[in-house]
Amino acid sequence: MNANQGAFTLGPLEAGPACCVPQPVVQVKNLSLQYDGKMALDNVTLDIYKGCITALIGPSGCGKTSFLSAINRLTDLIPGCGVSGQILVNNRDIHHASSQVQVLRRQIGMVFQKPTPFPLSIRRNIALPLNEHGITQKAEVAAVTEQVLRDVGLWDEVHDRLDVSALSLSGGQQQRLCIARALALKPEILLMDEPCSALDPIASGVVEDLISRLQGRYTIVIVTHNLAQARRIANYAAFFWVREHAGQLVEFGRCQHIFESPSHELTAAYVNGSRG
Amino acid sequence: MHIDHLLAGILRAGAAVAALVMLLILFFLLYESWPVLTELSVFRFVTDTSWHPLERAYNLMPMLSGTLLASMGALMLAVPLGMASALFIVFFAPTHLATLYGRLIELLAGIPSVVFGFWGLTTLVPLINEWHPPGASLLAGILVLTLMILPMITLTAYTALAAVPEELFRNAAALGLSRWGMISGVALPAARTGITAGIILAAARALGETMAVLMVAGNVVQYPESIFDPIRTLAANIALEMAYAMGDHRAVLFVSGLLLMLLVMALSAVAGLLEKHHHA
Amino acid sequence: MPEMIWHHTLQKIRDCGVQGFVYLAVLLVSAVFVWMLADLVRGGFAHLSWEFMTESPRDAGRAGGIASILVSTVLILLVALVTAVPLAWATAVLLTEFVPVTSPLGKTVRFSLFVLAGVPSIVFGLFGNAFFSIYLGLGFSILSGGLTLACMLLPILTSTAEAGLRAVPETYRLSAAALGITRTAALIHLIFPAAAPALAAGLLIGIGRALAETAALLFTSGYVDRMPGSLFDSGRALALHIFDLSMNVPGGDMPAYASALVLVSLLLCINILAMKLAYSLQRRKILT
Amino acid sequence: MFRKNSYLLICLILLSGVAAGLVLLSTAPASAATQRLVLTGSSTVAPLVSEIARRFESLYPGVRIDVQAGGSSRGINDVRKGVADIGMVSRALKPDEDDLRAFTIALDGISLIVHASNPVVSLSKQQVVSIFTGNVMRWSAVGGPDTRITVVNKAEGRSTLELFLDYFQLKNSMIKPHIIIGDNAQGIKTVAGNRNAIGYVSIGAAEYETRRGMPVRLLALDGAAASISNIQNGNFPLLRPLNLVISHEPQDLARQFLTFAQSPQVRDLVKAQYFVPVDAH
């Protein structure tokens, strides 16, 4: 099947333009987050740039995942979670009354630490979100399915068994399927919460490779504990640290800057491996 | 978004109805027993000469004692036998025998009380009658209740024992404990709350059981002098007299229903607390 | 060290004693139960026949079969399920998916169901008689019996469904939400299918309870043993039929045995099915 | 794929429920069109009325008559509450029951029964009182074997009990029973299953069951044998009418049924139950 068929425009990834421009897509202003009154994230202000990969680094419990969940309002689902501050996506406040959370989440994809395929067939895993967003024509769904599976390099591995349970795939395959599932909705922004940490080194390498190939097409925010990985694939890095039991943003800048000449001594200590 | 709100609304309505059933039951029990609760002194239920509703004597105590005696007797038999069964499954039996016995117990847990009562009536009562007439007696009630609650005790005790971490047993074995030492010193204390909760639930079941006891216990209202004397339980009394009860008599039956419900509720509350405590 | 040896010998004797008691108890329990089941089979098997299943009882149940009883039983069961299942599952979904565990609504509903679970069945019978039969004027009918049973089934159906829904991994909900799927859609396409074995097992347990129930039906559905013409007719449930035959019908023991055998086999099938579902559920949990 | 199976199972159960519901809904109007009569009460009257009802139904298609036993008091209670259309009462109405109207359909007596193997054939009034009040505990005291007597008493609310107490001038609280039974049939079954038991039941019911081979035997009362002929000629001391009662002016169907139940058309049924037809009295 021709990958360029229909209204779907995403071509083979290798040929895509890689453009990372310092133009904010997501603007986080004074974001604070608390769980049952306990501060988890304290007053974070940060811009995420279009088409770039932004890595969130820092020790465990410093609020990186909370920060990520706040962007697509997944925090709504956590009982007792309170969010204050402002998040603008394409200059629109995501908490504004008129903004629909389903539309927001379609615009912002998310990939979790552990692969989370639904207990359905591979095909249905991708078709379900499409159907829910009004794409129900069989031909179109099939085209998108093939496209995104090719994008994540899964097509050749699974095209002859699309109707088997997604749970039968290996961990790395499952994670790529989850990425494909997110891509199928054509999001602008992809949030990734340590997408490689639950995978073995080889699968992790494949996924990491995939992420770096996605750069430029999507605005990616990735949480990672693997500093080497952050250094390899990210354009920007944001360093979080726990102060007074709440996570704070210590430093943000280009990757090179953060890893080679950080302005803050905490950052320096962390990237050198002496703290954290 | 709106579809979620719609669904939440529907679900809320459903849950409200489900919760209201409880209130409705309480309300109707109170409503029906109100005439007696307001007109008759509560002491009548304790001080009247006996239970002869047509002679306006409403002493509930003989039936309360019958209920308690039957339940306690059943517990005294079912707890050791049920515990032994659970220990057999967990510690003593070879695997295939344990599975087989477990299945047997699970099967018994599903047998309806009326079948136990029927079997008691056709088999146990004539046997006891041969031995010590009249046959239909407290003893028959106790035996039938024992059969009914034994599977329950075994299954809860088994679940509690199976939940004890394997390492504890390995450690105990490594310390050279004997089998009984391990069971009494490690397994039973570790599973204690679960087992107790199970026993309390079984007691609640025994107190509230109607049909099986109704069929075998003789239903004479009296304080039994021996286990061969017939008795009547509160639940059996309701089943026996509800159909034709009128006026105060009917209201007193609702009072005894209320009493029974409070008894059983208190027990299950204790069991619930224990279980919560256990999990915390 | 003679004391030590003595001590160990004592221990051995004690172990043997305990073992002996356990084996004796198991033997006793098995013997009694085998005796009982054998009695049922021996007493009922000869009386079982195709005619027994397809004819209505005659002569107070001494002759004829149990066809009308079976129909009444199924009707009572259906009324109970059709009423209780939507309510119970709606409650379970609300409790697991829509309100936090600690919310006042959740606590209230859960508490009232907990209390309901402890109510003895004869008390349900009292309530059903006062409310459905007399207050609502349904009289002795399959409808009032079924509705009374529905009240009884609510707690067990809700708690099994709630446990099943809670066992569905939270990641399904989160990743569905992250894909912008509504809760309703996630519920229909993901969570309900994933919880299906647990829901089915709970349903079967509920059916088992309902089939075994006698006391709650005594004053609600009545015990007319004829083929019911509508839901407003009185209908005798199978368990009640056994009760009536064994208590009130001289010479009714044979059909009572046969009816008991039918009821027990029915419940056995349901239990086995429920257990199979539960085991497959466990196995799947281990696999994934 | 067990999950699929169980999903299917749920669907199946629910679907069959809905289907059955639809079927019932569709039959509901049809059955609403048929006329229905509910009778509850005395277990003595119930078997006879069931037979009468069956014949009535065969004569008037589309009529459905449900009969449930439970004791005379239940009959009165249900009629007053409106749960039943007609009550069955195996005694004459009491003065405080003048809100009801009774239609006598047959006559019956009450007598004592023992197990067929029991050698005792008759008991004096005094002996019966002694046995039932617990003063005589063994059969040997009244000419039987040396075994303990099992006293079978009726549950309250049964007119058989009331008439029995009345005849022997006893109060229920004076009786020391060993087993309490409800229906007549339960009494017969209990005595048939216990060699040492003594109870009292409707003569008609006892006669009916003895003819069917139940090992029970009726005792004579005050020298009068418990026989149909003695009831018929009024020589039996413990007699009672079997009544159908209503609380208000009967509807067409109820009136029709009452008339039918008193008519000669059912006399063979009354005799088949070993009761005495009223018109023959």
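What to note about this one:
Note that the chains are named A, B, C and D in the order they appear, and that numbering of residues resets to 1 at the start of each chain.
By definition in this document, a residue touches a chain if its C-beta (ideal position, glycine included) is under 8 Å from a C-beta of that chain, and two chains touch if they have at least 3 such contacts.
Quick caveat: nothing in here was measured; it's all calculated off a predicted structure.
Chain pair with the larger contact count among C-D and B-C is B-C, by C-beta pairs in contact.
When you average the Cα atoms of each chain and compare centres, the chain farthest from chain B turns out to be A.
In terms of Cα centroid distance from the overall Cα mean, chain C ranks first.
Note: centroid distance chain A to chain B, computed from Cα atoms, is 55 Å.
Per-chain Cα centroids separate chain A from chain D by 79 Å. A separation of 33 Å divides the Cα centre of chain C from that of chain D.
The distance from the centre of chain B to the centre of chain C, each centre being the mean of the chain's C-alpha atoms, comes to 16 Å. Residue numbers of chain D whose C-beta contacts span two or more other chains: 3, 182.
Shared interface positions of chain C, i.e. residues touching 2 or more other chains, are given as 182, 193-194, 247.
The residues of chain B that reach two or more other chains are 1, 243, listed in rising order. Of all residues in chain B, those touching chain C in their complex are 1, 3-4, 7-8, 10-19, 21-25, 28-29, 31-32, 80-81, 84-85, 87-88, 92-93, 101, 104-108, 110-119, 121-123, 147, 150, 178-181, 183, 204, 207-211, 215, 235, 238-239, 242-243, 253-254, 257, 260-261, 264-265, 267-269, 272.
Touching chain B in their complex are the following residues of chain C: 11-12, 14-15, 18-19, 21-26, 28-30, 32-33, 35-36, 39-40, 43, 86-88, 90-91, 93-95, 98, 105, 108-109, 112-127, 129-131, 135, 151, 154, 158, 182-184, 187, 208, 211-215, 218-219, 239-240, 242-243, 246-247, 253, 256, 260, 263-264, 267-268, 270-271, 275.
Residues 2-3, 6-7, 9-10, 13-14, 16-18, 20-21, 24, 27-28, 31-32, 34, 36, 38, 40, 43, 47, 64, 66-69, 81-83, 182-183, 185-186, 188-189, 192, 209, 212-214 of chain D are the ones that touch chain C when the two sit in their complex.
Chain D makes touch with chain B in their complex at residues 70-74, 76-77, 80, 147-148, 150, 153, 155-157, 171-173, 177-180, 182, 193-194, 196-197. By the touch rule above, chain B contacts chain D in their complex via residues 49-50, 52-55, 57, 125-126, 129, 133-136, 218-221, 230, 232, 240-241, 243-246.
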